[in-house]
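My questions will all concern the structure given below.
Think of it as A, B, C, D, E and F in the order they're written, each chain with its own count starting at 1.
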Amino acid sequence: MVDAGDTAWMLVATGLVLFMTPGLAFFYGGMVRAKNVLGMLMQNFFAMGLMAIVWVGIAFSLAFGNFGDGGLIGNLDFAWMRHVDQGVGPEAFALSIPFVLFCAYQMTFAVITPALITGATADRFKFKAYAVFIALWLVLVYAPVAHWVFGGGWLAKLGALDFAGGAVVHINAGAAALAVILVLGKRRGWPREGMHPHSLPLTLLGTGILWFGWFGFNAGSALAANGVAAQALMNTFLAASAGMVGWLLVEQVKEGTPTTLGAASGAVAGLVAITPCAGFVGGMSPIAIGFVAGVLCVLAIQLKFRFGYDDSLDVIGVHLVGGLAGALMLGLFADSAVNDVVTHEGLFLGGGLTLLWYQLVASVATLVFSLVVSFAIAKVIDKVMGLRVSPEDEDEGLDASQHAESAYSFGATGSMDRLG
Amino acid sequence: MKLVTAIIKPHKVDDVKEALKAAGLHGMTVDEVKGFGRQGGKTEIYRGAEYVVDLLPKVRVETVVPDELADQVADIMVAAARTGKIGDGKVWITTVDKVIRIRTGELGDDAV
Amino acid sequence: MVDAGDTAWMLVATGLVLFMTPGLAFFYGGMVRAKNVLGMLMQNFFAMGLMAIVWVGIAFSLAFGNFGDGGLIGNLDFAWMRHVDQGVGPEAFALSIPFVLFCAYQMTFAVITPALITGATADRFKFKAYAVFIALWLVLVYAPVAHWVFGGGWLAKLGALDFAGGAVVHINAGAAALAVILVLGKRRGWPREGMHPHSLPLTLLGTGILWFGWFGFNAGSALAANGVAAQALMNTFLAASAGMVGWLLVEQVKEGTPTTLGAASGAVAGLVAITPCAGFVGGMSPIAIGFVAGVLCVLAIQLKFRFGYDDSLDVIGVHLVGGLAGALMLGLFADSAVNDVVTHEGLFLGGGLTLLWYQLVASVATLVFSLVVSFAIAKVIDKVMGLRVSPEDEDEGLDASQHAESAYSFGATGSMDRLG
Amino acid sequence: MVDAGDTAWMLVATGLVLFMTPGLAFFYGGMVRAKNVLGMLMQNFFAMGLMAIVWVGIAFSLAFGNFGDGGLIGNLDFAWMRHVDQGVGPEAFALSIPFVLFCAYQMTFAVITPALITGATADRFKFKAYAVFIALWLVLVYAPVAHWVFGGGWLAKLGALDFAGGAVVHINAGAAALAVILVLGKRRGWPREGMHPHSLPLTLLGTGILWFGWFGFNAGSALAANGVAAQALMNTFLAASAGMVGWLLVEQVKEGTPTTLGAASGAVAGLVAITPCAGFVGGMSPIAIGFVAGVLCVLAIQLKFRFGYDDSLDVIGVHLVGGLAGALMLGLFADSAVNDVVTHEGLFLGGGLTLLWYQLVASVATLVFSLVVSFAIAKVIDKVMGLRVSPEDEDEGLDASQHAESAYSFGATGSMDRLG
Amino acid sequence: MKLVTAIIKPHKVDDVKEALKAAGLHGMTVDEVKGFGRQGGKTEIYRGAEYVVDLLPKVRVETVVPDELADQVADIMVAAARTGKIGDGKVWITTVDKVIRIRTGELGDDAV
Amino acid sequence: MKLVTAIIKPHKVDDVKEALKAAGLHGMTVDEVKGFGRQGGKTEIYRGAEYVVDLLPKVRVETVVPDELADQVADIMVAAARTGKIGDGKVWITTVDKVIRIRTGELGDDAV
């Protein structure tokens, strides 16, 4: 039966996660140069447009059809909104909210996950190629992985845990980001030139919205307004805080100066790492998880200079590494007192290595699958229509070249005359 | 007429403006520029890596003055803009052939 | 009886709709030139101040007093907060939330509706005249129309449907916008000069907030955390997405370049059109409704060049046209399986032309009433105190001339000395 | 027992109050000069990091341990998250939500209260000194005062009322702000130079977020989704509106021009004043309270010029004065019909002077305690590590000197070369 | 060659540009500056206190022209930029020794 | 002394700076300007209508150099800023009567 309290919370949680995509747009948008900010915002906002339609059209059904089958992919039972109505949905889902709300809530995940990739591909992804890429990616990569984990597929059956999408969202998007930039190549001038943020206040605005929205992302994944949701919210908060502190401490030690971008990035790193753990751990664990993630990620973002791939805004360093860290640390901290879904406790709670092993399997499977399929999609698109803008367009910036706009006009000398 | 141009540190704009006012000058035009010079750059941190920003904020002050005042005005600016630390900037003087006040069409000394 | 779940949702929904007005301020504020941005923000924020007071003072009572009388206007039963308390209110309202919360929720609509007008009148409305205008407008135009539709007045009795305010909010504000600009006249330099947006990131921020807040606007109009609210949220999401895609497709075809402003505007067009339909349609209908609205509105905003009225930021093109489109499309798509309030189904669901006819009556009635009365109010204010700023003030910009402020000061040479 | 409706609301309310801290960051950040905006944002965001950890580590327990003892400070029962779980907590709390959620909700207050201080100390507080200051302050000042009032300490026992933190948050932070600036001294150049806002749109963004979030702050303080929460939300809304109108009226009379910064500040003044009253008053009282606060605060911010202390962004003028005004006006307007916790009604409702006296005691006690202890902490830190940046660092700005960053880079000539 | 520099009111940029175009000139460079002059400042309100902002927005227009056109171009600018109200700005002419078109290396009159 | 002024494309700033550094020059001042010229404008779309933006972003580089270096410096700038495409900009040289280093009061060649 539909419960009003649970429904109230999930209505809001859906809104909160939806709001994260603009938040992500600003987080990334502030970090690019002024000539590319609209390109970045557009890619994120456009995901809110296109992904929603692809989701209800087919991807939701591929992810959640045949729920609990332990398999690789769903079916078409729910495609085109069939059976997606105000009832609580098939019994297997054990929902206390309308099924249509469950679908909308999951839709917000399907919007933001491909959008995460845009941070790595910043400043050079052709808009139309991007649009085609994310449409294919949602169906061919996201939907299956979501089925494996959230849809009762083989990883769920195996016993791997993922509360709100450490694997489905962060490892998945991070691996895809790596695949796409391997095809795209580096930005012109990188790494010699410092392509520094054009507006850190915009990035901090994004951070604030992300943090706020992440309460919906993680606590909403309880699918009810209950104790687990409350615990997930507390854990989310603490991990973000600890991630920030961890990242800043490393900066302080290494450079002598904590930065605002570091504060923002550290909080996000903590949020990423707590995502798989949010409803499964308790006590001070989230502080440990967030702190480790903050420290790890600030070190990980230096790898791109070593290996020479241009992960422009550090999607791999933060989401892939942070997602892996979180998924694995769940194998250390999972606590059955927090959530009885936890059947094998974490290593530090005396549960041995079992869960850690499952977590490793789930992480590696997601990583490899996403990397390979995403690379293939990117390659095909590159052949067919070109993945990257021309050098001239890149120099001019995405705003002018892809959207015939300019982001800012503060001065008095930007006058235009209407043509035709 | 002469055009006296000064490249100064941004926080010295008010001092220069006050000094010119005190000397009875009625006009100047300023804009924000970036300067490269002996001062070297400042270090910024981005993503844990250090970068040098070697174009530093400066302000350009321009004032057109009668020939006989040019040296004096230059000295006033030098005095007002000096902090004694590297990067204080330059003042230079060039010759103006003609100056017109737009509002009235007045020429030369009457125009400034 | 007050239900905690429903109350939880409506507390939040009230917050969400409240947050839309700043969202609208940024949406519009980004589109004006830098010298007018504070003028725009001020008009929107001031609506949050003044309208709230006028609402609880008198307008709420005029809108919702004599609930269900089938008449033209309410009475003064609830004026000055009388009987507006923590109980569920008069039985006719059939509320499961405190009446004071219902009043607050409706108040947010009364704040944003007049604020919508400011997009059309941008850059030239005298602030004090604006303040007087919206105060009178709320009482003389908004309150009666709200009574007709939401307060159980003649349109409700007739059988016209309006879930969250297609007529009450969008047609109403759009028609008022047209009336006011007929009195105000065009901006100096328009249409020769391109008065392009000074900060598209600000506009996109507004878009993100509006989309987020619109979940409260539409799903909140269920007044409970139930299946209808869930359906309304899903529909709202999909219509925004489809509106964006529709608008961008037209841009792609017409100009070869999709723009970020188009993405923002298309999403808003979809949101406007779904507003009257949100709790009455299901399945893939919201995608059709949003898509049609996106396509229609991008074409409609060109009308101002044809007819020579200066609807500066396209309130008429988006809210009036989008509102009409939504109200009428409800006559096509209304589905009694979604909401049993639907007694005559839409044309496409086999319900015939009845509902479509009611919708047409409601739309035209609202349009004409709002146009005429708004025009009269604007004319009177123009006579008494002048509606428009002086040409000098307009050239200088509203920020300096109306508020003695400037919006931005990034540089080092903006020093000021204190007087007196 | 945990109630889903109440829990749904409190999950959201926690998110809303968390979101206020970024809001505050932008509200303040827009008001400082461009060279100090990151310094300001960092101080606020960093509070979200550090304060959360200090809170669950110890401060929560000091504030809420020994609940209802009528004493001066709590104990260590809940330190380190002990007993902070998914149950409803000790009976004395009479909660219908998980105790861990109560702790998270209160945590958001512990984050924003020290952050409020940053407005007074703008542009000159050394970042590391700030970090140490707020950590000590949370434990030594905030936790005890929270215990006195929210934790059933001596002021609660006495009969003083404080719905959502007029004393605990606003008087407390305002007094601390005064203490710190007495140690810090004035900004270089103040008051001769006008250090005007670098981005009023950013300040208005902050205002919008604060207003939105304040619904969670005040209506959330009901700790349930009930009639009192609804009333608190309505009161919060109206007081903000009336505060804005009051402030603007004074500006209109004094200067002839209402400003957008005035609209923002007036709304905040109204919100501050209604904070202690939100769940205890009804009818039109919130309009009176907000209006008086708006008028009072716009006058109060002139005091700093008279007395020569540099309260940079008017924390004292708005939070201390507004908080005092609200706490005392509760002694006038408290209404037992609104909330049966009110045992002595306000003077205007015929309850005599009793409550007013309690309110005065609570206000003065909080003010004096906070002023004295905060001053001592600031002095000690100043001795040990220096509280203020060097004059050169101040001239250069906090962004460069404290964080080695610059906030904006709109132009084409900000290129950087990577070192090492 | 001569360099004609004009400091004008911002909203006059388009008029000056059109006037130069009409006179057959093919190039100019503009930037936003702030001017201090007889015009005095404007008043802003901040926190209930009044402040004077005495550096007002202006635009600098620079155009390099052959010697024989300099006076004429200056007059065109003066005419196009005039509002007749205080603060209209100045035009001045200086001598250019040499001018090069970067793209082609052309010199002198061919370069502009 | 001579003042060499260059109007160049924004993304050429670093190249020009490096070229000047390589040639042993110790200072320059740059600012962002907008240029109108043969290059024509670029098209922006606003609300489904096309607009031409005919003031394009450019950067002005100014460097004061001893007389004998002026031509050489101009050539260095021309070489470093050239892309060969329309809109590359101009370089011009004017005569400076006097130049002072603010920090020390040094004059002429010693000042730069």
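General remarks:
Throughout what follows, a residue touches a chain if its C-beta (ideal position, glycine included) is under 8 Å from a C-beta of that chain, and two chains touch if they have at least 3 such contacts.
Fair warning: this is a prediction, and the values are worked out from it, not measured in the lab.
Minimum number of contact steps separating subunit C from subunit D: 1.
Shared contacts of subunit A and subunit E, meaning chains that touch the two of them, come down to B, C, D, F.
Averaged C-alpha coordinates put the centre of subunit B at 18 Å from the centre of subunit E. Averaging Cα coordinates per chain places subunit A and subunit D 33 Å apart. Centre-to-centre spacing of subunit C and subunit E amounts to 45 Å, using the average Cα coordinate of each chain. For subunit B, the set of residues touching two or more other chains reads 11, 14, 30-32, 34, 44-46, 49-51, 54-55, 94-95. Of all residues in subunit C, those touching 2 or more other chains are 3-6, 8-9, 12, 193-194, 196-197, 199, 205, 209, 225, 255, 257, 259, 261, 403-406, 408, 410-411, 413-418, listed in ascending order.
Residue ranges of subunit E in contact with subunit D, taken from their complex: 44-51.
Contact residues on subunit F toward subunit A in their complex (touch as defined above): 11, 14, 34, 42-46, 49-55.
On subunit D, the positions that touch subunit B within their shared complex are 193, 395, 400, 403-406, 413-420.
Touching subunit F in their complex are the following residues of subunit E: 1, 3, 17, 26-31, 64, 94-103, 105, 111-112.
Those residues of subunit A that touch subunit D in the shared complex are 3-6, 8-9, 12, 16, 33-34, 191-194, 196-201, 204-205, 207-209, 211-212, 215-216, 219, 224-231, 233-234, 237-238, 240-242, 244-245, 248, 255, 257-261, 263-264, 266-267, 282-284, 287, 338, 408, 410.
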